[in-house]
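Note that the chains take the letters A, B, C and D in the order they are written out, and that residue 1 is the start of every chain.
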Amino acid sequence: MQIGIIGLGRMGANIARRLTRGGHDCVVFDRSADTVQKLAGEGMTGASSLEDMAGVLAGPRVFWVMLPAGDPTEETITRLAEIAQPGDVIIDGGNTFYKDDIRRAKELAGRQLHYVDVGTSGGVWGLERGYCMMIGGETETVRNLDPIFDCLAPGRGTIERTRGRSATDDRAERGYIHAGPAGSGHFVKMVHNGIEYGLMQAYAEGFDVLKTKNSTLLKEDERYDLNLTDIAEVWRRGSVISSWLLDLTAEALVSDQELEKFSGHVADSGEGRWTIHAAMEEAVPVNVLSAALYARYRSREEHSYADKLLSAMRFGFGGHVEIPQ
Amino acid sequence: MQIGIIGLGRMGANIARRLTRGGHDCVVFDRSADTVQKLAGEGMTGASSLEDMAGVLAGPRVFWVMLPAGDPTEETITRLAEIAQPGDVIIDGGNTFYKDDIRRAKELAGRQLHYVDVGTSGGVWGLERGYCMMIGGETETVRNLDPIFDCLAPGRGTIERTRGRSATDDRAERGYIHAGPAGSGHFVKMVHNGIEYGLMQAYAEGFDVLKTKNSTLLKEDERYDLNLTDIAEVWRRGSVISSWLLDLTAEALVSDQELEKFSGHVADSGEGRWTIHAAMEEAVPVNVLSAALYARYRSREEHSYADKLLSAMRFGFGGHVEIPQ
Amino acid sequence: MQIGIIGLGRMGANIARRLTRGGHDCVVFDRSADTVQKLAGEGMTGASSLEDMAGVLAGPRVFWVMLPAGDPTEETITRLAEIAQPGDVIIDGGNTFYKDDIRRAKELAGRQLHYVDVGTSGGVWGLERGYCMMIGGETETVRNLDPIFDCLAPGRGTIERTRGRSATDDRAERGYIHAGPAGSGHFVKMVHNGIEYGLMQAYAEGFDVLKTKNSTLLKEDERYDLNLTDIAEVWRRGSVISSWLLDLTAEALVSDQELEKFSGHVADSGEGRWTIHAAMEEAVPVNVLSAALYARYRSREEHSYADKLLSAMRFGFGGHVEIPQ
Amino acid sequence: MQIGIIGLGRMGANIARRLTRGGHDCVVFDRSADTVQKLAGEGMTGASSLEDMAGVLAGPRVFWVMLPAGDPTEETITRLAEIAQPGDVIIDGGNTFYKDDIRRAKELAGRQLHYVDVGTSGGVWGLERGYCMMIGGETETVRNLDPIFDCLAPGRGTIERTRGRSATDDRAERGYIHAGPAGSGHFVKMVHNGIEYGLMQAYAEGFDVLKTKNSTLLKEDERYDLNLTDIAEVWRRGSVISSWLLDLTAEALVSDQELEKFSGHVADSGEGRWTIHAAMEEAVPVNVLSAALYARYRSREEHSYADKLLSAMRFGFGGHVEIPQ
């Protein structure tokens, strides 16, 4: 298929590459002409503007927008809505808030444009491993894009089949799903990231308990000298907690068990927060997912006002003066 | 009554003072002879050793041990057990783990000594306001000590009576209870402190949300300029969240809304941890009490290993490099 | 002053009563004519409609809307905006989301109307004790309403003055504050409720640990027979955790330590959730406030899907079959 | 090697089978003679008592105890200590608290017996996949047992090698580690299980958010009709959160997305609690691991006393009567 790809950062560029390798015809655009130039040299067609891209693509056109969520994506889709012709498809492959998808799909439907939201997991590994995709949009529109999704997805590969599975729709097994109408793709991806935060924090806390057991602050007979690198490695092998995140942990620990190159400031993106929002709208208790998010907030503060207020109260009732330890 | 008081730190000295003012005859001992000397000047009888104290006191003797929990208390009670005569009473007024009380009471019963555990709340304010006491021990032993407890307790004071209350045992209304057998006094005090941590953290988080709403990191139209000093003050007046801890907060904020003299390192003592232990033994979910405890642990770390591991995983799957903000 | 009060539920009616007792001239309206009739019999002027009320009030009019947050309040304010004259004041005394206040204040300013948001704490006790109020709006508008706020507030009463306090603005000490521009009153009230949830949950968890220590499911030598009624009472007396919520707890336990008349389903309102939203916008970790909210969600579910999924996984890896206990 | 295996439940029997298939000579004992009989029919040597086993085994003997933690294991090891000869080895392959290992190792060393603690993960799948083992004990004793561990472990299999790994000790890559001295095997396994709880709860909460998004309690335009079976499946394929626990989730959902055969009561074992204990001893904040544990406690209660107390307070300040929803 022919497809226009807008935004050639790491994700967008690799998606374009994987599609090109799969035989698809990619027309690419980025605000950096150099980046466009570079990918043009890899067998794609460079476009100098959205209008230029629209002229190059044959109708009905397919535009895949792969930009940071928020203003960059919003502005681009607004402009595409003006450039596009009835029947064209606009895909948002970024990390958009799913309620924005619902709004946009309605607006674009008024212009006879089709909107598809694609939540994408796989990070820097997607080019080689393929992308896991969760897709929202009209059934027919999504079906028409099947060659694209099939190419980007990992495919069945060597992953063992789930016992008992006999679904007629085999897309999930090839690595993508049509989750439902507009927004549902990003909704599922949002929860995916919420879970991801929780999983990561569970490992992080556990390894912290292991690491601190080696601390010279403990009495000698309460201390071990645990090799965290080997522990992560052995857990990859037959344990209940083996996972891809553990694979990455094992790899990180191989190079430095102290993790000294990491500052300990941990960023978070919208999906983690939106998962909590969604849980609150549904009245679902999410203690683990929240705690995982808050640990990241806390990681970016040196001393919180909350902590100081605790000290102030302690001073008030007990005369305690907190001495830094 | 005549009573021996061992350990003349802030708590022990003030307890001795309140008892002396109440007409009781206090014999006092501390490892610092200067401290003993000082209190002897306030109308008490100084003792130069535990043996000396035992000689001065008329039988059946009452020893009130007011020392840091753990080794200092344990060692003193072990020595008292050897010095004391059948029928004597040993009171532990410190913050001992309640299972240690149970063990000790059994050991001392073998020597016909009576053991009483007293959990005491009131901090530096107790001398004037009186101490709230939770007492564990044999019924008769505790009853015999009533003049002591009655004197130390706040008494009814100006606190309004609880509607509907008509208990025949009015001790709770005068500020002390006999909670049950050995250990129960410290058990109740332990949970008291667990709750205290939770309450403090609830205020701390709420005031942090208020404080950060003033932050210049927020966009100008999302920011307020809230006066936290006045907010704490107004909440003391008719709001659902008025409390003594809020009174202390209001006082702390009067002198400095920024709380700059506090480092933000917050200590914790055994009771908070033991409350979690007890909850786990009982299978009671205590998310708030745990979170309050962990916030204190976190306050004492600059960057945790857990945080670094999160960054390491993020680097692994997304190539994210965490830049301190 | 003359004031129109719209919405005569428990809160609205009592506010009208307190103002009438304080010598203010209240014109009252409710969708229930019977309710209007009843209050008219208590010395207020009944109105048959918003238009009627507007006709009775002398300009510049003051409308106090005391309705459930959301649609009822929104619709009433929209209608008032049409009825009111430039210079009139519309007060929202309910539990509105503060961003709605900001929006409304802008809209009303376009019509030269003044908008004031008042967060009110005090519940059913406000009529006698007075209401604690947090107020957002233009400085002059709020100042003009001072007689109203002064009358509704508890006043200094018998509450001890905060040590060191010497503010020139004594409103906080009388029980109300002007927190800042539109929305700030409800913002502060929102955080107040967030804290309230946290405090309540801290007590709830602590008392659960005490209560379960009496459980016959524990081995006999690990069990106490704690009197929770007396424990709540004694903690009111000189302990660090004394508070109004503890007073209420003590009162509830007097009538039934088992609390059998309560189902255990606990409702939550918008403010608890919005506090979490605000914390996420500010990146402030609020583990306690969240856990308190989620405990309420969980209280309303019999068995959660999350729990079932845990069992399903346990069955998958260990062949564990969960038997209800 | 020759080895005695005591306790032929699912784990013990499968360990014996895997060793027998690997060419080792297993002498087996269980308090059920039928079970011993059954395994004797699979090529092992049945023993009628511990003494019988000791007589059959050639010295230095190796006893592998595979019994429930607590009394059964403790009693068996106590008896073995009396039966065994200097130089014999006692392995505890169960889920013992690591401090009990430390105590036992000391006691047995006094009799010139060697103690080895083995934490084992793999559940019902271990027979085929092999067991992931974390081992504590003296270096030489553990090395001498290498044929046993090598046989039980999964071996390298098809799991990709961790990038950059070049350790000289390849045991971790074959699925077992010598973690350190006595207790360290069970310590690492304990943290493993703590992490397991956290991971499971993260998935459980996320799937609950997905599931509830389908709920007819939501307004129609806020609802999706998500296929959780396909979502679990697609996440196995290239997503960041792929894991063995997710594989099991996918399998469970294939047979019934509603999970109706599960009651929702979720058990927990000692390791989850001990991980929290350890974290508290180390002052490491573990919000996620705790929340995961508490969710299991809560799953086993219909309505908690904590919930009722919240309702009682709400009734006290607001006259709210909680109606079951």
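Assume a residue touches a chain if its C-beta (ideal position, glycine included) is under 8 Å from a C-beta of that chain, and two chains touch if they have at least 3 such contacts.
In this text the structure is predicted, and so the values were computed from the model without any measurement.
For the pairs B-D and A-B, the larger set of C-beta contacts lies at A-B.
Chain centres here are C-alpha means, and the one lying farthest from subunit D is C. One simple way to say how far apart two chains are is to compare their mean CA positions; for subunit B and subunit D this gives 39 Å. For this pair, subunit B with subunit C, the centres built from the Cα atoms lie 31 Å apart. Subunit A and subunit B, compared by their mean Cα positions, are separated by 47 Å. Shown for subunit D are the residues that touch two or more other chains, namely 123, 125, 201, 203, 205, 208, 212, 240, 244-245, 251, 283-287, 291, 294-295, 298, 300, 304, 306, 317. Those residues of subunit D that touch subunit B in the complex are listed here as 240, 268, 273, 276-277, 280, 283-287, 290-291, 293-295, 297-298, 300, 304, 306, 317. Those residues of subunit A that touch subunit D in the complex are listed here as 121-123, 125-126, 129-134, 153-154, 157-160, 162-165, 167, 169, 171-177, 179-181, 183-184, 187-188, 191-192, 194-199, 201-203, 205-206, 208-210, 212-213, 215, 218, 222, 224-227, 229-231, 233-247, 250-251, 254-255, 275, 278-279, 281-289, 291-292, 294-295.
Touching subunit D in their complex are the following residues of subunit C: 10, 123-125, 200-201, 203-205, 207-208, 211-212, 244-245, 248-249, 251-253, 259, 262-267, 287, 291, 295-296, 298-300, 302-320, 322-325.
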